[in-house]
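Right after this note come the structures.
Shared between the two complexes below is chain A, which has chain B as its partner in the first and chain C in the second.
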Partner chain A sequence: MRVEIKEIKKYFGDVRANDGINFQLESGNIYGILGENGAGKSTLMKILSGYQSQDSGDILLDDKAILFDSPAAGLFAGIGMLYQDPLDFPPFNILENYLLGKSKNINLNFSSAAKQVSALADQYGFEVDIKAEINTLSLGERQQLELVRLLAEGAQLLILDEPTTGISAEQKEQLFTSMRRMAYDEKKIIVLVSHKLDEIQELCDHAFVLRKGKLVGQSEVPCPNERLVEMMFGSLPTRRERHPSVHDEVMLEIKDLKVATYRIQIDGISFTVNKGEVLGLAGLEGSGQGLLLRACAGLEEIDGGEIIVDGEIINDQEYHQRRENDVAFMGSGRLEEGLITGMTLTEHMVLAAEEHDFVINWKQAEVETKSKINTYQVIGQSSSTADQLSGGNQQRFMFSMLRTPLKLILLENPTRGLDVRSTNWIWEQLYERRSDGTAIVFLSADLDEVVDRSDRIAVFSGGKMSRIVNANETNVDELGHLIGGQE
Partner chain B sequence: MNNSELIAVLASILLQASPLMIAVMGETISERAGMINLSLDGTMLLSAMAGFIAAYETGNVWLGFLAAMIVGAFFALIIAFGTINLKQSQVAIGFVLTILGDDLSAFLGQNYTRLPGPTLGRYSVPILRDIPILGDLLFNQNVVFYIAVLLTIFVWWFLNKTQPGLQLRSVGERPEAAFARGVNVNLIRYAYSIAGGALVGFAGAAYSLAIKIGWSEGHTRGIGWIALAIVIFGGWAPIRGAFGAILFGATKTLATVLQSKFPEVSVVAFNAIPWILMIFVLLLVSNEWVEDMILKLPKRFHRPLRKFLRVSPPLALGEEFEKK
Partner chain C sequence: MKEKLKKFYILIPVLGALLFISILLIIFGTSPIEAFSAILNGAFGSQQKFLNTSAFWVPLLLASTGLLVTFSAGLWNIGIEGQIVMGALAASAVALNVEASKPVMLTLEILAAMGAGGLWAGFTALLKTKGKVNEIFGGLALTNLSIILTNYMISGPWQPPEGGTFRGTAPFASEALFPLLASSKFSPLALILSISALALVGFILSNTYFGLKLKSLGKNHYSAFLLGVSSDKEVFLSMAFCGALAGLGGAVRVLSWFDSLRQSISGGIGYLALLVVMLAAYRVILVPFIAFFFSSILTGSISLQLKTQLHSSLGGILTGVMVLFVILFGDRKKIFKKKMDQNNE
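Presenting the complex of A and B:
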C-alpha cells in the first residue's frame, strides 16, 4: 500500500488547521507525526481516516484518488484510526462494541465474535475479558480493543493519535511491540502522533513535523532530539534551571489518613509538605494517589486521620470552603470537571471569580478575561466556548483561572497532552507561585515529569505509600521499581 | 376473595397495564436512540380520539389503530424534524405538542363523545387456555394484551440481539462514535422516533378501542406522563419497563381495594401509592449501597445483578448530532 497526501487544506473559520500539506507513506514503515499543540496533527489524521473531510487537496491510495464520507468507508479501504479518546461505547460490552456496524446480518453472532476477538488478542498479546463492559476497562485496554477491531476489519494503514497518554509503561511496551510486528512482519503502515520525542525516536523510522498547519520538516529517526525540537518550535526553547524554594514552615500536614472506596483504600498515610515545596505522587493509575489528592481537595470523604493546611484542620470543610480558603484543585478530565462545555471563557472567568456581585458587569469581565487570555497565551477569544479550544489551550485556560495567592495547589496530570514548550511554561507559572509560600502536590502518569519537577516524591502502589524520596536522589528506573511494589 | 376472583383481578391488572406497556416500548426505542418524545400525553389523547373516529366511521377497528399510529408517527416526525433539522430543543417541542394534542383532541372529537363504536375483543388461545390458572390469566385475554407481551419480547430481542438494535443503541449512547462506524445517525433517529411515535399512537387507540372503550374529552389524560415515568423507572430497558407498567397497574388496583376498605381516607392519598413506590424503588436502585451489596455476593453474580439493578439513561439522550 502507498498513500500520498497532496495539498490538504482544512480551515475552521480563520484557523488554518491544515494549510497545504504533502507527504507520502509506504508499506512496512512506522511514521511519527510531531508538532506543538494546535499544529494540526489530529485534523490531518482525521481527514486521512475519513472522520472529517478536507476543504481541498487529495488523498491518493495506490495512485487512486479517494474521498471517504465516514471513517467506516476509510476502514473499508484499509485505513483505520485509533482516536486519542477511543471512539467506543462505554455502556456496551466488548462483543457488542466489536460487532457494531460490522456486518449486515440482522442477527448478532456473539460466539463467533468472541472467537475472533480472543484469537486476535492472543495474537498481539493483549489480555481481554470478553464479557466485560467497556466502562469498566482502563484506557489502555480500550485502545487495545479498538486496535483489535481495526485489525479484524483488515486495516492496512493504522493511525494512532497520542496512544500513550494515560496508559501504563507496561501497556506501552506491549503496544510498541505489536506495532513493530504489524509494520515489519505484516507490512502495514503505522502512523504515530505523539508529543513525546523519546517515543518517536524509539519506535519510528521517519518523522514528519507540522507547525501552524504546514509540514515544516521531516527526518529519518533516530536523529538528535534537538533537530526535531527545532523544527517543531522554530527555535530551541531553553529550559530554565529549577531552583528549589522550600521554606521552613509546614503548609500541608497529613496525619494517619484513611480513605476507603469500593475500589481501593489508603490507610495510615502521614507526611508533611512545606511552604514552597513541590511534592510529586507517582504510581500506576488507581494506586491511591488520586484518592489522596481528592481527599485533600474535599472531593472524597475521609474515614480517619487529619488534613491540616497552614495549621488549620480542614477535615470538616467542604470542597467549596476549602476553595475559599485557598486550596485549589485541578482534575485530569478537563471537560468533565474543570470546564463547562458550551460556556464562554468570559462566563468561566465570572464563575471562578473570588467575589460575586449579583448583577454581572460583563464589560469588565470581558476586559479581565482578555487580559488573562493574553498572559496565559490561550489561543482563543473571550467569546469562544470551552470545547472549541484545542486540548493544550484548555489546559492553559484552566491555569489562568487559578487565584493568587493560594496556599495549596493540587493537580492531576497537569500537563497531559501538552507539548514540550507549553509544559515548561505551565511549570514556570507554578514555580513562580512558590515565593508566596504556595505548596504544590501533583500526580502524573509521566515518571519523567515527576522526577524533573518535584522536590520530593511519594510513591504509591496498591493503596500503600511506600516512602518519600528526594527527587534529586532518584531516577526513573528506581521509581519504576518502587511503583511495582519492590522496595 | 376466592381463587377465581383473584385470578380475575390479576387478569384485569395485566389488561389495564397492556396499553401502558405498548406506549412504554414506543418511548423506550425512541429514547434509546437519543430522542425524547415528551409529547406522549398529547399524542395518546389525539390518537385515542383519531383511532376511535376512524374505527367508528369505517366500522373497522384495525383502520382505527392504523389512523392512531399515523397520528402518533406524525407527532414524532414533527419532533424529529424540529430537533434534527431545525436544531430546536426536544423538550420544548415535545411540551408544546403535549398541549396541542390535548386541545386538538378535545376540539376535533367533540361530536364523537360517548358513542358506541367497534371494539377489539377477547381471544382465547386454543389448548393453552385450558392450563389451570395460567390459562385464565394469560391466554383468555384481550388481543391488546397479546400484542403488548409479544411487542415487549420483540423489542427486547431487537435491542439486544440484532445488528439494527445495536445500531439504534449506539446512536443514543455516542453518536459521533456511531458515525465513525458507518451508522447513519440522523436517519436512524428519524426512523425510531417515528416507529416509537406510531407505537404510542397504537397505545392511545388501545384505550378507546379496547380498554376504556369510546371517546370523551380528556379520555386518557395523564397516562402519557405515567408512561414517560415508567420508561425511566424501567431504566430504558423493555422487560423492566413492562414490569414497571404491570407494577403500576397492580398498585393502582391495590389503591382501589384499599379505598373501598377505608372509605374515610381521601382518594388522593391512595392514588399517590404507585408514585411513592416508584420513587422508593428508584432511590433504592440508584443508591451507592446497591454496589456495596453486589460486591459482597459471589463474583459470578456481579455482572447480571449490576445489569439488572443499575440504571443509567442513554448517554446522548436529547443531544443533537452534527457531522463535522
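Presenting the complex of A and C:
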C-alpha cells in the first residue's frame, strides 16, 4: 500500500487547520507526526481516515484518488484511525461495541465475535475482558479494544492520534511492540501522532512536523531531539528553574482514609500536603491514586477516615460545596468530564464563574472569555464550541476556567495532550498559584512528569500507598520499582 | 448553499409525508387533492373555522412551550398529558366551588391550574431525583392517575344534578369561562398568555443562567455537574415550570374549548406537543408555526368525514407520518445524541 497526500487544505472559518500539506507513506514503515497544539495534526488524520473531508487537495491510494464519506468507508479501503478522544458507546460492553462498529447484519453473532476478538487480542498481546462494560474500562483498555476492532476490519494503514497520553508505561510497551509487529512483520503502515519526542525517536522511522497547518519539515529518525524541536517551535523552548515554595502550614490532611469500589480499595492511608506544595501520585492506572483524588474532590464516597482542608473536616461536604470552598478538580477525560460538546467557550465560562446574575450579560461574558482565552493562549474564538478546539487547546481552556485563589487543586493527567511548550507554560501557571498557598495533588501516567514537577511523590500499587519520597531524592527507575510493588 | 438548505430541512420530511399519504390515498381510490382541500377548508374555510383552529392551537402552544424547557434540560416529560389533565381538574374545582366576578374567577382558576400542573410534574421530578424512577415511567403513571381522578370526579362528586352521563360535569357558570371571540371557542386572553409564555421561555433559555444550566444538563450531565450545576434542583424546577404551563393549557381546554370538565379533556395535546417540539428540534421560533400547522390539520380533518368518505383520523395519521419522516430523514443525529448523553449519567 502506498498513500500520497497532495495539497490538502481544510479551513474552519479563518483558521487554516491544514494549508496545503504534501507527503507520502509507504508500507512497512512507522511514521511520526509532530507539531505544537493546534498545528493541524488531528485535522489531517481525520481527513485521511474519512471522518471529515478536505476543502481541496487529493489523497491517492496506490495512485488512485479516493474520497471517503465516512470513517466506515475509510476502513473499508483499509484505513483505520484511533481517535484522540475515544468514540465508543459507554453503556455497552466490549463485545457489543465491537459488533456495533462492525456488523452490517441484523443478526448479531455473539459467539463467533467473541472468538474473533479474543483471537486478535491474543495475537497482539492485549488483554481485553470482553464482558466488561466500556465505562468500567481505563483509557488504555478502551484503546486496545478499538485497535482490535480496526484490525478485525482489515485496516492496512493504522493512525494513532496521541495514543500514549494517559495510559500506563506497561500498556505503552505492549502497544509499541504490537505496532512494530504490524509494520515490520505484517507490512502495514503505522502513523503515530504524539507530543513525546522520546516515543517518536524510539518507535518511528520517519517524522513529519506540522506547524500552523503546513508541513514545515521532515526527518529520518532517530535524529537529535533539538532538530525536531526547532522545526516544531522555531526555537528551543527554555524551561525556567523552579524554586520550591513549600510553606510550613498544612493545607490538606488525610487521616486513615478508606475508600472502596468493586475494582480496587484503599484501606486506611494518611498523609499531609503543605500549603504551596506539589504532591505527585504515580502508579499503574487504577491502582488507587485516581480514587484518592476523587475522594478528595467529593466525587467518590468514602468509607472511613477524615479529609481535612485548611483545618476544616470536609467529609460531609458534597462536590459542589467543596468546589465553592476552593477545592478544584480536573479529570482526564476532557469532553466527558469538564467540557460540554456543542456549548461555546463563553457559555462554559459563564457556567463555571463564581458569581451569577439571573440574566446573563452576554457582552460582558464574551469580553471576559476573550481575555481569559488570550491569557491562556487558547487558539479558538469565544464563540467556538469546546469540541472545535484542538485537544491541547481544550486542556488549556479547562485550566482557564479554574478560579483564583484556590486552596487545593486535584489534577488527573494535567498535561495530557499538551506539547512541550504548553506543558511548561501550564506548570508555570500552577506554580504561580503556590504563593496563594495553593496545594496541588496530581496524578500522571508520565513518570518523568511526576519526578520533574512534584515536591514529593507517593506511589500507589494495588490500592496501597508507598512511603512518600522527596522528588529530588528519587528518579524514574526507583519509582518504577515502587510501582511494581517493591519497596 | 448547504447551510441555507439546512434551515429548511424541516420542510423535506413534511413534503415527504404529504407525498406518502397522497400515494396511499390514490391506492385507496380517493383523490388526495380532494382530501387535502377538504382539510384546508375545514381549518380555514370560514372565520368560525379559522377561530376554532386557533382555539385548538393555544393550549397546544402552551404545552409545547413548556416542553421546550424540559427538552433543553434533556428530560423526556412524557407525563405532560397528565399535567394538562391536572390543570383542567384544578380549574374545574375552582369553577364549580367558587362564586366571584370574572376577573377574580379567572385569576384563581389560572393559578390553581398552574399550581396543579406544576405539582404533578414536580412529583415526577422527585420520583426521578429521589426515587431513581425515570421521568418517562413516573410521568406515565401519574398521567394514568390523573385520568382516573377525572373519571372519579365526573361520575362522583361533580356529577351533574340531572344524573350522571359519565361524560362530563354540568356547564360552568359564565363568570368562570374565558371571554370568547365571536361565539367561537377562541379566547384572545388565552392567546396573549401563551404568546407571553413563549416569549418568556425564549428569553429564559437563551439569556439566563437558569436556561444555560438546563442546556448544559441536556447536553452533558456529568460535565455540567462538574462545572457546578446542581442537577436535582434544576430537574425539579424545569419540570415544575413545564407542568405549570401544561396546567394552564388544561385550564384553557376546560374554560374555552369546552365549558365543563370532560372525560378526555386533553384530547391528546400533550403527546401532540411532544411531537411539535421534536419537529422543531428545540428551536423556540419554530414552535408556534409547527403547532399551528398541526392544529390546522387536526381540526381541518374533523369535517373530513362529512365531505369525503374518509375517516377524520386521517389528520392524526398525517401528523404521525410526518414525525416518523422527520425521525427517519431529519436531523437524526441530534435526537440520537441527546439519548447518548442521557445514558452517560
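Following the convention adopted for this analysis, the second predicted complex is superposed on the first by the 435 of 487 C-alpha atoms of A that agree within 3 Å, B and C clash if a C-alpha of one lies under 4 Å from a C-alpha of the other, contacts with A are read in each partner's own complex, and residues count from 1 in each chain.
Rule of thumb we're sticking to: a contact is a pair of C-beta atoms (placed from the backbone, for glycine too) under 8 Å apart; a residue touches a chain by one contact, two chains touch by 3 or more.
These figures come from a predicted structure and were not determined experimentally.
Undergrad: Considering only touches as defined above, state whether A:I360 meets chain B (first), chain C (second), both or neither.
TA: A:I360 sits against chain C, while chain B stays out of touch.
Undergrad: In the superposed arrangement, which partner chain does A:F271 touch: chain B (first), chain C (second), both, or neither?
TA: neither
Undergrad: Is A:Q52 contacted by the first partner chain B, the second partner chain C, both or neither?
TA: Touch status of A:Q52: first partner only.
Undergrad: Per the contact definition in the header, classify A:Y184: touching chain B only (first), chain C only (second), both, or neither.
TA: A:Y184: touches no partner chain.
Undergrad: Give one of first, second, both or neither to describe whether A:Y124 is in contact with chain B, with chain C, with both, or with none.
TA: After superposing on A, A:Y124 lies clear of both chain B and chain C.
Undergrad: With both complexes superposed on chain A, which partner does A:F233 reach: first (chain B), second (chain C), both or neither?
TA: neither
Undergrad: Using the superposition on chain A as set up above, list the residues of chain A that contact both chain B and chain C.
TA: Chain A residues touching both partners: 89-91.
Undergrad: Which residues of chain C touch chain A once you look at their complex with the stated criterion?
TA: Touching chain A from chain C are residues 207-210, 212-213, 215-216, 219-220, 222-230, 340, 343-344.
Undergrad: Quick check: in the complex, which residue numbers of chain A touch chain C?
TA: For this pair, the touching residues of chain A are 89-91, 319-320, 323, 329, 331, 335-343, 347-348, 350-352, 356-360, 362, 401.
Undergrad: Using the touch definition from the top, list the residues of chain B that touch chain A in their complex.
TA: 161-164, 166-167, 169-170, 173-174, 176-183, 291-292, 295, 303, 312, 314-315, 324
Undergrad: Using the touch rule from the top, collect the residues of chain A that touch chain B in their complex.
TA: These residues of chain A touch chain B: 46, 51-52, 70-73, 83, 87-92, 96, 99-108, 131, 133, 262.
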